[in-house]
Amino acid sequence: MSATPPGTARLRVESATIGYDKRIISEHLSVAIPDESFTVVVGPNACGKSTLLRSLSRLRKPSAGQVVLDGADINSYKTKEVARRVGLLPQTSIAPDGITVADLVARGRYPHQGFIRQWTGDDEQAVLRAMRQTSVADLSGRLVDELSGGQRQRVWVAMALAQHTDIMLLDEPTTFLDITHQIELMELFTDLHHAGHTLVAVLHDLNHAARYGTHLIAMKDGAVVAEGSPDEVVTAELVEEVFGLRCLVVPDPVAGSPQVVPLGRERTPRRSADKVDVESARNG
Amino acid sequence: MPRPRRRLLGLLVVLVVLAVLLMLSVMIGSTAIAPSVVWDALFHSSADTDQFAIRDFRLPRTVVGLVVGAALGLSGALIQALTRNPLADPGVLGVHAGASFAVTVAVGLLGVRDVQGYMWFAFAGALIVTLLVLAFGSTRQGSSPVVMVLAGVCVGAVLGGFREALQLTDPDAFDAMRNWNAGSIAGRPLEVVWPVLPFFAVALVLAFVVSGPLNALALGDELAVAQGVRLVRTRVLAVIALTLLAGGATAIAGPIGFVGLMVPHVARWIVGPDQRWIFAYSALLAPSLLLVSDILGRVVTRPGEIPVGIVTAFVGAPVLVALVRRKKSSGL
Amino acid sequence: MNTHIPPVDFGRRMLVLRRRRIAVRLQWRSVVVCAVLAVVIAGAAVLALMTGSYALGPGQVLAALTGRETGIVHDIVVEWRLPRVAAALMFGAALGVSGAVFQSLLRNPLADPGIVGFSQGSYTGALIVILVVNGSYAQLVGGALLGGMVTAVAVYVLAYRRGVQGFRLIIVGIGVSAMLGSLNTWLILKADLDQAMSAAAWGVGSLNGVSWNQVAIGGACIAGLLLLAGVLGRPMRQLELGDDAAASQGVRVSPARLGLILVGVALTATVTAASGPIAFISLVAPQIGRRLTRTAGITLAPAAFVGALLCLVSDYLAQHIAPTPLPVGIITVILGGGYLGYLLFTEARRRL
């Protein structure tokens, strides 16, 4: 759990109002990202979780309040300085035609480069390390267009890693991947977390959030409804409150983390062993 | 209002508007002529100068406007149905470039100098180039709207280059072409119209034949086939019809843009998605638009005139911009 | 140097230069292609200096260029033919880079300042000055620039709807261009024949009668702008990854994009001011450059070299292919339109 008191976290939002044009998404939003946590933001569609991530990465400036990075307003830094501390894996990125894996990963070095210093030994090492960590080193010379979806997403993660930031923001990193690749990627994030990175991810899958996250933030209608450890946040009551979904929360038989099982409409479970739990959940 | 009644009532309104515009087109000009004189000119001819102006200038001009407009409108409706592309316009697809190029060749290299002479070159050029662009812009899955527009642009650019080269080395050709290129229904004797009418008649029949299958085609190639539409036959017939119409219209009047683009939209807006009704409405609305534009061109810089092709571009371009700004069509 | 680091496999041969504060990574293929292009350009330039009503040998040309010839040969080469060749090279390079900037920004191989209406707009401006105001050369330049800029801004604004989407921009550009084209037709129609013909020749883009004066002024502007483009080239490369990715890597997206658009339009504007709108080089050069070097995305240097070569060769053809010299723009339109067609066939249809 977070050992960081909210007021001292390296990255936090302080009573910010965030929105697009005239549409306000969040008002007086305060969120602290515990240092060295794997924070996962969950919530229904359009609850403001991506917007929160965008303001944490300075892509969206709050119209009131501020985002604080290392004790100062994030907008008071030079853009490249922010980019050396906070990295982002955007929801949609575009690979230029005919780019190779190594070339794409190398583009992540931008904030560390200058007009005449474009490829130092540090750059080279950072790119190699990022590719090894994400197991795309073997694909190094391949064209990104030719890769599978899972491989491609790992390349994008490698690019964000090459940026060499302590804090990494991940906007729905597993969307559009099949289940194997989702798990692979989540485990990769766990490894990165263990290697000392602070991660903030927006995820749709509550079970992934509960299994891999160390700190969960549940949002609804632009406000934080609950935050804390997966055990504290993922409860049947909260899931119903946030998502409007009636469900049963059981321990994940493998990891022991809370797992959400939707009740749905089906009356009779196919296996009688589970019946007791479901019945009691419906009644209680 | 229920759609069938709305369609019939609308048709009546459109016909009345067209009749009024035909009348106005004959009356309005450098000198305004009273309706009674128009009546006399038509039915009790005498040697009056006003009657002369009507019989020899305004009446042919109005008839040309009617025929050319109907052809442009119908060809626009056809091409939009065929390509499922609300931005398709025969002008964009190389009809103008082809006709213009052929006429330049006729003027510059072969020394042809009168409107009747241009006509056949324009017709042939338009037919060949439109077919070229359609072939060029079609993919195996059908035709991608944007590719087709761009194919038209690039064929137009290449032909335009050759045309400019001819024109800039030959002042006579330049002079003749700057008139023709503006697109006008003025100064065309009725003798220019008659030879094209048989082609239009054929095209009209073809349009009628394919209107049903095109309705099915609107749902996508696969569904259309499932409903028993013969894809290739429908496409080929529609292409022949629209090329004859647009080519013929351009042969008579020179390049007039945007009429074929705008009118089917208005028609769709009134009658809904049924192609048969869209065709009928387009064929009636387009001459109205052309005549209004022509009358405007006569009035705005009186006693000078702005050729109708320039007026339609000024009315049409904003409509095109509005169309792509609308969400639906910008998803192209 | 740095042999202890296992080199990253980029799938392509790389040339890494590191000396003190300089650390640059280039693609071998790009370097070789640019060098070859430079040699070909030099050869074409000598050929252009040799050819004309007074034919010269390569030896005479080189001698004249190095100051070892005097008299008529010197005058022909240095005073008459060289400005034109220099203009073709510089303007071509400028157009190539301008197109590269637009294509990279819009992530679209069909984008160029001409397609967003700049050319038609500048033609309209020039026509109004020539035919209506009957203004001086300076006014013509001013009118053309104003017309082009206003049109480009108008197209951009009209296509803007929660951001500018590539195809919407192109279609709006086509619409606005068609409207202005109509206006131009009408202006030409109203003018007397001689004026109309000279205006039309300007409108196609021509290097006829380019003077050292124009070359010097235009060249200075272009050199400055190319340098700016070079500096902005790095943010431009990051922008190709998408706005969010670029921003998170420390690119200031809006200023960078605005700067790039301004540089791109200014490059085209400079060329237009000196020679009229020369079409299609800006469209074609970046794509040819990309295919030759096989780089990822659009790169500026190959586009500049290809643009310069294309413009020089087109002007050579325009001068010598027909009995009377043609404007260079006619050749570029024909070559460029044909290439655009090829592009549609191969790429656009696959992607759309």
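Couple of notes before you dig in:
Per-chain numbering from 1; labels A, B and C assigned in written order.
Everything below uses one rule, namely that a residue touches a chain if its C-beta (ideal position, glycine included) is under 8 Å from a C-beta of that chain, and two chains touch if they have at least 3 such contacts.
Note that this is a predicted model, so its numbers are computed, not measured.
Ranked by how far their CA centres sit from the centre of chain A, the chains are topped by B.
Taking the mean of all protein Cα atoms as the centre, the chain whose own Cα mean lies nearest is C. Averaged C-alpha coordinates give centres for chain A and chain C that are 44 Å from one another. Note: centroid distance chain B to chain C, computed from Cα atoms, is 36 Å. Chain geometry summary: the mean Cα position of chain A and that of chain B are 56 Å apart. Across the complex, chain B is touched by residues 110, 158-159, 161, 165, 167-168, 170-172, 174-176, 178-179, 181-183, 185-186, 188-189, 193, 196-197, 200-201, 204, 279-280, 322-324, 326-327, 329-331, 333-334, 336-338, 340-341, 344-345, 348-349, 352 of chain C.
The touching residues of chain A, counted against chain C in their complex, run 54, 57-59, 78-84, 86-88, 90-104, 106-108, 110-111, 113, 115-121, 123-125, 127-128, 131, 140-143, 159-160, 163, 169, 171. By the touch criterion stated above, chain C contacts chain A in their complex at residues 2, 5-12, 16, 18, 21-25, 107, 231, 234, 237-238, 240-242, 244-245, 247-252, 290, 294-297. Chain B makes touch with chain C in their complex at residues 87, 92, 136-137, 139, 144, 146-147, 149-151, 153-158, 160-162, 164-165, 167-169, 171, 174-175, 178-179, 181-182, 257-258, 306-307, 309-310, 313-314, 316-318, 320-321, 324-325, 330, 332.
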